[in-house]
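Paired with subunit B in one complex and with subunit C in the other, subunit A is shared by the two complexes that follow.
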Partner chain A sequence: MDEIIHLRIDGRDVAVAAPASILQAAMADGTALTANVGCMGQGVCGACRCLVRREGEKQIATALACETRAEAAMQVSFIVYFTPDKPHRYDIAAIQDLWQLSDAVDRHFPEAAHCRHCSGCDRACPKGLSVQQGVALSVAGDFAAAAAIFEQCVMCNLCTLACPEGIWPNHLGLMVRRAIAALTLRPSDLIRRLNEIERGAMTPDATEKE
Partner chain B sequence: MRTEPMAAPMAAIPFSVALQTWQTMPGQPMRPSDSPPQTLLERFHPDYAAQATCRLMVGASKGARCHPLLARIIQGNALIGDVDLAALAPVTTDILVIGGGGAGVAAALAAREAGADVILAAKLRVGDSNTVMAEGGIQAAVGDDDSLQRHYDDTLKGGHQAADPALVERLVGQAPAIIRWLIQLGMHFDLADSPTPGARLLRKRAGGTTAARILSYRDFTGLEMMRVLREAVELDRGVTILNRHPAVELLSNDHGHCAGAVLYDLEHATLRIIRARAVILATGGAGRLHLQGFATSNHYGATADGLALAYRIGARVRDMDSFQFHPTGIAWPQHLAGGLISEAVRSLGAKLINGLGERFIDELAPRDLVTAAILRECAEGRGVVRDGQVGVLLDTPGLLAEKPDLLSRQLVSLAHLADRCGIDPRREPLLIRPTLHYQNGGVEIDRHGATAVPGLYCAGEVAGGIHGRNRLMGNALLDILVFGREAGKAAATLAGTPLTGRVGLEHVRDWQRQLTYAGLINGPRSPLLYPAYGNFDLRAHMATARKG
Partner chain C sequence: MQPLNHVLLHPAIQVGADLNRWRNAGGGVGLIMAASQPAAIIPTLQAADLRGMGGAGFPTWRKWTAAAAMVAETKYVVCNGNEDEPGTFKDRHLLRWTPHQVIEGALIAAIAIKASHVIFYVNPHQADSIAEMRAAVAQWQGSDLLAGLEPIIGQPVKLEVIASSGRYIGGEETAVVSWLNQGFPFPSRKPPFPFEKGVGGQPTLINNTETLANVPHILNNGADWYRALGKGEACGTKLYSLSGDVLNPGLYELPMGTSLRDLVFTYGGGMLDGRAFKAVFTGGPSNTLLTARDLDVALDFDSVRARQSRLGTGAMIVMSEGTSIVRKVADYVEFFATGSCGQCPSCKCGTFQMARLLDRIATGRGTAADVGALDHLCALLPGSGRCALIDGAVTVVKSALQTFPEEYQRPAAAGGAPKANQQT
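Presenting the complex of A and B:
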């Protein structure tokens, strides 16, 4: 039957029936859970970020608690979600064409050009994205490649926390992604339908029932 | 007689046997249907179970049908009284948005565009919501073979003609403009062709639609949408975001209008009074109530908070006995039960197979029918059992043999989920079972998101009437943005108006009188704020957190 495993979460000794995620283990001892929880298993919201040390390992790794199995003798610390004031605010509508995107990177993320290549962001990413390369590609103006690197980013902000230069890599990646969509995506079928609606040539009629 | 999901273990075919049958069965025959759709629903859909409905005994919709578990919450007593508010200084704003998912953020952004000041309060963190978890996509009738009228007709028919036509008209009519708005904010969509000028949007089919109308980004459309929306609202200096601030009660003024809310600041373990010219409730649904013992695909915060708050101050509710059980939730392994497998997987061609190796329903029938059919297979002994978990098979190997490239691009979330289940979806089918997914009903609104209570607006899953009694895939992501923006725009017309008179909990005292007459005064308190297994109690939290 179910094996009971013991681990340590935020300084508490916790016992839980395996298999369970770290998040399920964190709820098992009756502690009120009001933060570091969101999608509970899908691994898309980035809320349950934590530091994990497995038995016999010296290295501490980052993980999302909802998608990581609780293991015996594991040590876990949740990282509270903080929201410091954004140092560089931009308005996506103000980036008006792709000629300006490099300028926008320099202006809104001036630290990005000073990346120390310490790989702290790569090690911090629980999704295994090549964050540092994404920063370099953004600075170099290779925006499509940068956008591809950040495609599956869940915005957990661990790279932002890890970066000693204060680059905010995930937010840089998101600005590049947003600018590309806002400046290049012009679907012809959508444009035609919007024209039809604006001309009054297409309206849903609540009375005209089959 | 109805068989309930959590009843005694039912007869089912062992997984290993079912797997062997599936491997050797040629052509996957479709077992002919033995009952018309309505009979299937009545016999097997969880909404129709004997214990799934009761009548509300108090409030503006007294006499209306409601799920009993939900009725206990929305007929609950308030968490706080006047004494709790003594000596608290109010903060004032134009618009208070409660809820940090797609609807709340859309409302906040629309109110800002209209020039209002906004406070956005989130129970967890802005973005933590069902929106970010949405996989399949968003409906908008953009195709040559499609029209707003078809979208309108499909939505009404899918909802069993129970939706409010005026709301559906607004929903489908705004859809193309919403897609443009999302693109302008920087959201990507999949294209049917290479990204050249003139490229068209990739369109997928959804169950119950007559044209391919689902627009998507991979199979994590909600993540792409929510991270763009969140960034937009976090970068807007006119919006004050209060994370970890659940709303515990609304405030009313002398005229019975909604005039703000009382929030609980979890960080400082103290209540905060926000006085507002209008309040927009965007608190989402109720999946974490686990109605009838079902697992859920919903995020942690889906505990029906807004329903309780809106009903107590006098708003009407509708279709509170109607829920969507998504056909394909994970059944095995148990610790991942309820996790969602997107309808996109069936939309792309994956079949459902019972323990006898048969198909048993059109996989792209409306969700309530597919769910009822799966529960029928389980109830009648043709389900598949693995370590005590009963469900049917989702034939991903069949799909991926035909289209092997899907996993790396279009079905990233499926690959991720299968990996956590320890399954190779190219070789082994997933064991699935319906999961509690969506609250079809909710607070009655008009096309501007306004409720019967002046000053109170609702948007997103907390609102009802848009989907009738069954929602189509892709209409939820659309609904939250259409009515989120409508509510934000309408509420913003109150910006700058004078704040006069007293504000307090008069409506709570009135509500308590009603509860006393109905004999319900000793019932539970609400809103719940967190699921039962979240171990949260407001008074205990205030006491221990203050001790330091």
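Presenting the complex of A and C:
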């Protein structure tokens, strides 16, 4: 028989058969989740960000509810969705090389150079990314390495809450990821396949199935 | 009528940065007495039962004894004038109008613990206070009083005014140390306490401005005189920052232990427009609310604590009937969310989440589920931070939820389906 565990989510007492994720537990009593839910368990959208306190622990961790296993006597509080105070508007196509990217980073994220290295963003990241290092690499101009760090970022925005200098690390990471992708040459086999599709020698799978 | 403004705010000593006028008004006597009998300083403060006026109410003599017992070549005294919390405006007044009173208190502390460095850590947002302190400190340089301390302390005393970061969190004592060590004002875990390892890694005594301002008077007039100033068991006087819906808001120096009723209705002139008294947010405002049934409470550290609240800085923000408690709490929690340094995810994210929930409830968009989530955060968050910021924010939310539940339920009931976890 499955073990039934009891936990508390946003003030609701919830019982769920283990094993289950926190997100599954939140839905276990039939409550309709109209917020803090997105990709439903794939860990790619960042919508189910939450604070988690485990039984007997003083510390509270940040987590994605879909990727964290529900435990007995766990306390969970979901964190609402929010957007940046100011939008970061840029045209990736206008960035022609890494020098221009460096200028663009300074222009759109001037706060990034003021990082205090407090590791608040690292602690806040539910994906366990080295956010602070990603910011430092971006400021130093090592964009490829920075982009690699932010590769797994799901834009949950928790690092932005943590920053005392008001840096938006994930948005900086997104810009760097986009620019690096735009500036990097595609692999030759990818280019060849795209050419084949363009001249009709190869049809995309989706079309083929029709 | 109880005596008003007769020690720290006595009109005769509000002379600004004018050392001669300060000395003519009786200034300097406490320092000379302290210098003549250094060993008597701490016992006198103990007998006077002087408490930390920054909010904690911790016995000052204990802090000084701990710092004095440390063996080190260099020690620091820091006067904490970072004052930044809503509704508190006492230290800025002391620094602006009685800078020499504060300097004298800090120098007595330097004698007591044998410190060679005295730093006045002042909030840069209070431009007048910091300018006056700089002018006042300049007058002490080369004065006979300061030079006379060298043989007692064993080395020359260096006075310095340093602008704080101006951030709320910068007033926490480990954050003070961090800032003075050229870092960001991040609080750190204790121990080590600043008296063990503070500025430059050296023993550092950090006291609130009002606490230090009291010291010369106690040395000058004696512990018995100080004790007699208070009402009942309480000792000395207290600066109360009275604001909100009262007729005469302002800074009042009254006997420690003056009742809330006297402060609001006698000195504050009563409620604005004759409205009914509703509640008071006390100094922080990170404490349990006082309500009409607490009007008789004596405003001293122990009596207010007996009501499960805290005197804090002595700030009293008075609310009248018709004012939304939820709105005020939402504003204060927003202040804490902004002021949180971000080191501890639970504090930054927790205060942020509470602020968002409160804002929804205050604007009629909240649901019963939001109130439940808010209540749950009050149970989840306490004790999870390095400093007490998160605990203070939770205290005011929890208190308002318990004291004025109908204000939370009313808009929530008008909101969406009770079970829906609606978020915008």
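Throughout what follows, the second predicted complex is superposed on the first by the 181 of 210 C-alpha atoms of A that agree within 3 Å, B and C clash if a C-alpha of one lies under 4 Å from a C-alpha of the other, contacts with A are read in each partner's own complex, and residues count from 1 in each chain.
One rule holds for everything that comes next: a residue touches a chain if its C-beta (ideal position, glycine included) is under 8 Å from a C-beta of that chain, and two chains touch if they have at least 3 such contacts.
None of these values were measured; they are calculated from a predicted model.
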- request: Tell me which partner A:I167 touches in the superposition: subunit B (first), subunit C (second), both or neither.
  value: neither
- request: Applying the touch criterion given at the start, work out whether A:Q75 contacts subunit B, subunit C, both or neither, answering first, second, both or neither.
  value: second
Task: Considering only the touch criterion stated at the top, classify A:R89 as touching first (subunit B), second (subunit C), both, or neither.
output: first
Message: Tell me the contact category for A:T31 with respect to subunit B and subunit C: first, second, both or neither.
response: both
- request: Check whether A:L158 is in contact with subunit B, with subunit C, with both or with neither, and answer first, second, both or neither.
  value: second
Field: Touching partner for A:D10 - first (subunit B), second (subunit C), both, neither
entry: second
Message: After the superposition on A, what does A:C118 contact: first (subunit B), second (subunit C), both or neither?
response: second
Task: Starting from the residues of subunit A touching subunit B, keep only those that also touch subunit C in the other complex, and list them.
output: 31-35, 81
- request: Give every residue of subunit A touching subunit B within the complex, in rising order.
  value: 19-21, 24, 27, 30-35, 37-45, 47, 67, 81, 83, 86, 89-93, 151-155, 171, 174-175, 177-182, 184-190, 192-194, 197, 202-206, 208-210
Task: Enumerate the contact residues on subunit B facing subunit A in the complex.
output: 124-125, 127-129, 132-133, 140-144, 147-149, 151-153, 165-166, 168-169, 172-173, 176-177, 179-180, 183-189, 191, 195, 197-201, 218, 220, 222-223, 227-228, 230-232, 234-235, 237, 241, 243-244, 266, 299-301, 333, 335-336, 339-340, 412-413, 416-417, 420, 530, 533-537, 540-541
Subunit A-touching residues of subunit C, taken from the complex the two chains share: 183-184, 186, 341-346, 348-350, 352-353, 356-357, 369, 371-377, 379-381, 383-384, 419-424
Field: Residues of subunit A defined as touching subunit C within the complex
entry: 8, 10-12, 26, 31-36, 51, 53, 58-62, 75, 77-82, 116, 118-121, 123-124, 158, 161-164
